[in-house]
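Heads up, there are several structures right after this.
You will see two complexes here that share chain A, one where it goes with chain B and one where it goes with chain C.
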Partner chain A sequence: MRQASHLRGAAILGLWAGALMLYLSTVGIVLAFAERNTVTGVLTLGRVMLAVPPLAVGYVAARRIHAVGGPGSRLIGGTLAGAVGGGLLAIGLIIASAVDIREILVRVSSGLIDFVGFGQGAAIGAFLNIAFGAVLGLTGAALHAAPPRFRRPIVAGALGVVVMSMLEPFLRPRLQEFELGFLSRLLYESRGLSIASALVVFGIVAGAVVAWRPTRATVRRRLGAAGPEAQSTVRWASILVLILLLLSLPQLAGPLLSQVLVLVGLYVLLGLGLNIVVGYAGLLDLGYVAFYAVGSYLTALLTSPTSSLGWALPFWVALPIVVVGAAATGLFIGAPVLRLRGDYLAIVTLGFGEIARILFLSDALKPWFGGTQGILSVAPIFGVSAVDVPLLGWRLTGPTLTYYPLLLFCIVAAFVASRLKYSRTGRAWNAMREDEDVAEATGISTVNYKLLAFALGASVGCLGGAVFSTHLQSVFPGSFNILVSITVLAIVILGGMGSIPGVVVGALALIGLPELLREFAEFKLLVYGAVLVIMMLLRPEGLIPDYVRRRELHDEGTDPIAGTGAVGLPAGGGGAS
Partner chain B sequence: MTDGRAQTAEPQPTAEVTGERMLLQARGVTKRFEGLVANREIDFDVPLHKIVSIIGPNGAGKTTFFNQLTGIYPPSAGTITFADVDIVGLAPHQVAELGVARTYQNIRLFQNMTVVANVLVGRHVRMRGQWYQAILGSAGTRSEERTALERARELLELCGLRRSVEHQLAKNLPYGDQRRLEVARALASEPKLVLLDEPTAGMNPGETRQMTDFIGRLRRDLQLTILLIEHDMKVVMGVSERITVLDYGEKIAEGTPAEIRANPRVIEAYLGKQAHTA
Partner chain C sequence: MARAGRLSLVEIILWGLRIAVVIGVVAGTWATLSAGRLEGDQWRTLVILGIAQGSVYALIALGYTLVYGVLLMINFAHGDVFMFGAMTAFFVADALAGGGFLNANPFLGLAVVLLVAMLSSTLVAVLLERIAYRPLRRAPRLVPLITAVGASLFISNSVRGLYGEQVKAYPRLDILEGSLDILGIPILKTQAMVIVSAVVLMLILYWFVERTRTGRAMRAVSEDKDTAALMGINVDRTITTTFAIGGLLAGAAGVLYALVFGQVHWFMGFLPGIKAFTAAVLGGIGNIVGAMLGGLSLGVLEQVGPNLLLSGAGVPSPNQLRDVVAFSVLVLVLIFRPYGILGRPETR
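Now for the complex of A and B:
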């Protein structure tokens, strides 16, 4: 009886996986990645995408059964879940090859049918899908059954292989640049990893994960024994290494990846600013793009010789004026919405964001902002378009040059955000986020603190805009659509509201990753939406929750059991606000 | 408004005669919500260093009255002075700054903040650090933070919360500890007057006794003035020196616990609501 209910649960999970696979196939994501080799001749990224759902449900099914059933029923449940998933895809395959459904689902091409059916036709393809689904489900269940010391290296190794193959277009030219062409020939074979190198990468990553825990424990023990002086030496040394790494990153990454880094940096900056407004103060601002636009346009207006002002100030002279102007805009937008809460605030700020864009676009203000033509010849950030670094022989230009001031701004913004967070101001914001009425009754002037949050958030956001316009050396109203607001909000939510490292991780995941996977561009919004929904369901506190770090900062030997308890509970309230 | 002010002067002599100094005085406080009169012409005094209670059946207008004392909304008519300052028209945070702190009937902690951060927020009005000082890390702000943290820990201890919970999130505390934390947060602002809104709601008899003892101790040890709201008569009889009874928005009785117990109108309000016509 109980066995039957387990199996039913597993089958339902399998249907979810099948639905996901069908969805990924019919919207075209799978086929878009079908050309991308992960392991040449064996595995493409499209295949990896179809493999993940059955693998995942196999794992989840095993975990659900784990509480009540033995190891045998876990494996059976996982296999069933995977097979059902594969089965659903197989049914889709048979239908698609029997009837032409391209009228409705335009992406279901013969190429897709071929790909999903392993090029073997409908009948054999369907069978293969069920079989592979079952095997993958079994693998997932086996992974769950395996002790963590086996599971972790296997998962990490597999991820390592996928990531290494994704980096191919960037890594290959870089390796050639540094006279390491032989390495790239060893690693890659026709745009993917060769079988041998995939095995090597898997081995290295898995080995590193195996070695990581005992090594870390040893290092911690040694450090703990070494006394405070050695500890601070180690800390400063690691900070120094990190700084050197950050400084030389554009040189290592090359112009292509540097462009990605600049984009990520811009969104880190925007994320840090929005994090103050949404994460700290709990004011859901959907019009954050307004501050980005104000920063860009003010910079352009002040530094471009062809702008209506024609002052042509140097960037660094204009910057303080831009920041003050953006802060004033923050107050200007903040003041009318002081009494609005939650959804109402979101709607009104959404409107403000659009108003900003339309104002910059409008004919009425064309003499100032140039309408659709925007403003051209914005001053480069150091007044020149290329800088030669003495001694190192680096020639910085374009993204590799923009990277450095951007890095500086990001560090300053992160520093400011972290200082504010653990201060009277930060606590007042948090209190306001948690319960505005009680915060007010506790003596916090919610009016002042809301305005402060808007002004500071705007100041940080405008830095991003300033760098953006000077990087492109022009501004156009088209760059400031609602999508920017949504993306920045998604970054903050994905990383964890109120969490500073969370913003960096969120920007890397939502900006960096799609840049690495160019095929994604078309499905970007789809993926954002899915990511947000999944995060809200599974981990509303974000990837790097705020209070985990807080615990680490204040680690004074509080009992670890209580710690894990707190971490396990999702911050539902924070997520909803 | 001017009428109300004139009235405030009136009871002053009686207060001087009895030798009591009044911390809070309300005169003719009336609150109307679109035709509904929630409070009608209430005169109410809280003497310094005393425990005063407001009781009354559910819906008697106790919380409405409380909310006017804390500035959440202004009275439709009448005056309220706290420590000789007219507080009508002040925002809640300004009233808090003057030295009024409160707890809530249904606990309202800052759920996703740590225990110690909740207490530190309570101390907000006694701290001066501005945002730019926090960014610059000025020495004054840092020492202020240190003092605040020490003080918060003392308060947690005073309220009976273990040191080990200070970095837990407030929402993860058991019910009784959440009540204690609310009191600690209120005390952190170094208030002159503490308003406790049904502090024993949801507690068993043992916890209730503990809480009433604690309230008595607060007054004795910290020289506080306490205003208590309760609808349970038994709770307030033990701790209060003076009780005011509200019913249908009006003050129907006032006096010592013994007087209140014997008052026929109070008995009527509590036992025979049908017979009572306001």
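Now for the complex of A and C:
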């Protein structure tokens, strides 16, 4: 009786996995990555994506059964879940090869059918899918059955192989440039890891994970035993190393990756600004792009000789004006709307964001903002297009040049944000976020503090806009749509509302990763949407939670993870990202 | 004292805004009318188009209002529920039109297309509630809103991946070509059809909510979930029903929208979604009659507004700014009368 209900539960999990695999295939993600080798000749990234759902449900099924069943029933449950998942995909495969559904589901091409069916035709392909599903489910269940001592290194090693293979397009040219071409030839074989190097990478990562725990314990003990002076020395030394690393990053990364770094930096800056508004003050701003746009356009107006003002100020002279103008915009927009309740505020800010975009785009304001043509020839950040660094012999242009002021802005914004967090202001925001009425009753002027948060967020957003326009040396209204606001929101949510390191991690994951995986660009927004939903369902405090925020979210909601229905979708994002 | 001073600063800004809006509206209207830019016929055409478009907004707005009524949440993804119905029904409409069935049996064909759209929108709406919103019912208020924003992005981009990103032209029906003459006013047949269908659906909805048992359960849940549960109402099922009804109406709205504009694409849910939300707020969110009124008035405002207010002021291509009018209505209503035309001020 009980056995049967476990198996039914496992089968339902398997159906979720199968639905997810069908979704990933029909939405086009699988085929987009079908060409990218993970281990050349053995595994492509598309296959990895199809493998993750059955693996995951095998693990989950085993975990569910774990509470009541023995190891045997765990393995059976996992296998069943994986096989059901594979079976659903197999059914899809048979249907797709029998009937041409390409008219409706445009991605179901013969290429996809070939790929999913292992190039073996429908019947054999379907059988293979069920078999692989079962094996993967069994593997997932076995992973759960294995003690964590083994599980951690295996999972980390597998992840290491996937990440190393994804880094190929960037690592290979860089290695060659640093005269390490032999290393890249050792590692990679026709755009993926060779079998041998995959094993080596797996071994190294797994070994590192095994070795890491005792080492960390030793380091902690030693540090704890050392005096406070030694501790502070270690801290300063690590900060120094970090700064040196950050400063030399563009040189190590090369111009291509530097462009990615600049993008990531821009979004870190925007994220830090939105973090003050959303994370600290708890005001959901869906029109944050408006400030970004105002910053860009103000900079362009002030610094471009061809703009309607034609003042052609140097960037650093224009900057203070831009920031003050931005703060004023924040106050102006904020003042009327801040008395609104949270969800209405979100929609009003969204309205403002769209109004700003349409106005910048419109013919009506063309004499000022240039309509669809935007504003051209914005001043470069130091007035020149290239800077030579004397002693090091570095020549900074384009992204490698923009990187440094951007880094400075990010550090300043992060510093200000972190100092504000535990200041009187930060505590007031905190109180306001948790309960506005109580905060008001304890003498906090919520309107003033909201305005302050809005103005600060606006200034940081404008700073981002200023860097953006000076980096591109032009502004176009097309750059400022609602999706920017939602992207920044996704960054803040992923990292954790109110968490500064979270913003950096969020920007790296949501901006950096899609840039590394070119095929991914098309599905970026899909993944952002999934990230927002999944984070809210499973981990509303974010990946790197802010301590206070975490307690708040887990005390208020009784149990945010309740409900079995939540399982299917989250696993989806896991597979997609 | 200082605090009172600050507050009055905000008040000053608000009053300034009020005065600016009134002056803008009066001056723009006067300038346009005195310049006589548009003929009476043209105004009438604009108003009728506005009513047709507004009735589509009203149908979508009903979904926002119903959900807001029971859950107090803004279902930001509702615009994409609307889009999904229109997109899915496109394939049916296309297949029917290809065989000549649609023009041979226009009423049956259209009914089938509508049914498919309504069912597929309902499916998405119910799944959305089950997977994304139900686990968050007791979470802080912003959490479900962020989820809804994410879900909106997820649904629209899934459709982009599944059905492709090109714009799809909806088949045209011969029976809807040309115009009718009602009381001496020519109305395009498509627009007449859209208005009539929307009104019929709204009447059915009104009857359903006011007269049936399920409707009474919905009203009870929106008054007080806990008490409703104590009275033996299955709250979960009632909420699912509410989402389903919202989905049905959105699906129908999708087809009507496609008939008016003749095309559908994956991003078509965003603007009508926001505007329908505006309509819901304008009429008083949570209020069914309000959503209908709000939709119609927003549709008309949007068509007439730019021409009436802006063209007289010498603004070039005022119709580019149509969305600005809609968004300004949204912002102004939320600032000055967040409980809408028919709503009551909420205590909190």
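We take it that the second predicted complex is superposed on the first by the 547 of 577 C-alpha atoms of A that agree within 3 Å, B and C clash if a C-alpha of one lies under 4 Å from a C-alpha of the other, contacts with A are read in each partner's own complex, and residues count from 1 in each chain.
As a convention for this text, a contact is a pair of C-beta atoms (placed from the backbone, for glycine too) under 8 Å apart; a residue touches a chain by one contact, two chains touch by 3 or more.
Note that the structure is predicted; figures quoted are calculated from it, not measured.
Enquirer: One more residue to check, A:Gly28. First (chain B), second (chain C), both or neither?
Expert: The answer is second: A:Gly28 touches chain C but not chain B.
Enquirer: Of the partners chain B and chain C, which touch A:Ala211 in the superposed model: first, second, both, neither?
Expert: Neither partner.
Enquirer: When both complexes are superposed, which of chain B and chain C contacts more residues belonging to chain A?
Expert: Result: the larger residue contact count on chain A belongs to C.
Enquirer: Mind working out whether A:Leu340 is in touch with chain B, chain C, both or neither, as first, second, both or neither?
Expert: A:Leu340 sits against chain C, while chain B stays out of touch.
Enquirer: Pick one for A:Arg424: touches chain B only (first), chain C only (second), both, or neither.
Expert: In the superposed model, A:Arg424 contacts chain B only, not chain C.
Enquirer: Of the partners chain B and chain C, which touch A:Ile95 in the superposed model: first, second, both, neither?
Expert: Neither: A:Ile95 stays clear of chain B and chain C.
Enquirer: Going by the contact rule set out at the top, does A:Ala521 touch chain B (first), chain C (second), both, or neither?
Expert: The answer is neither, since A:Ala521 touches no partner chain.
Enquirer: Given the touch rule stated above, what does A:Glu354 touch, chain B (first), chain C (second), both, or neither?
Expert: second
Enquirer: Output check: A:Ser445 vs chain B and chain C. Expected answer is one of first, second, both, neither. What do you get?
Expert: both
Enquirer: Which chain A residues lie in the overlap of the chain B contact set and the chain C contact set?
Expert: Correct list for chain A: 445, 558, 562, 565-566, 569.
Enquirer: Inside the complex, what are the residues of chain B that reach chain A?
Expert: Listed in rising order, the residues of chain B that touch chain A are 70, 72, 91-93, 96-97, 101-102, 104, 108-114, 117, 120-122, 124-125, 127, 129-131, 134-135, 137, 141, 144-145, 164-169, 171-172, 185, 189.
Enquirer: With touch defined as at the start, can you tell me which chain A residues reach chain B in the complex?
Expert: 415-416, 419-420, 423-428, 430-431, 434-435, 437-446, 452, 456, 547, 550-551, 554, 558-559, 562, 565-566, 569, 571, 573-574
Enquirer: Help me check something: in the complex, which residues belonging to chain A touch chain C?
Expert: 23, 26-29, 103-107, 282, 284, 286, 332, 335-344, 346-348, 350-352, 354-355, 358-359, 361-364, 366, 445, 447-448, 482, 486, 489-490, 493, 522-523, 525-526, 528-533, 536-537, 540, 553, 556-558, 560-563, 565-566, 568-569
Enquirer: Taking the complex as given, what residues does chain C use to touch chain A?
Expert: Against chain A, the touching part of chain C is residues 3, 6-7, 9-10, 13-14, 17, 73-74, 91, 130-132, 134-136, 138-147, 149-158, 160-164, 270, 274, 277, 281, 310, 315-318, 320-321, 323-324, 327-328, 330-331, 334-335, 338, 348.
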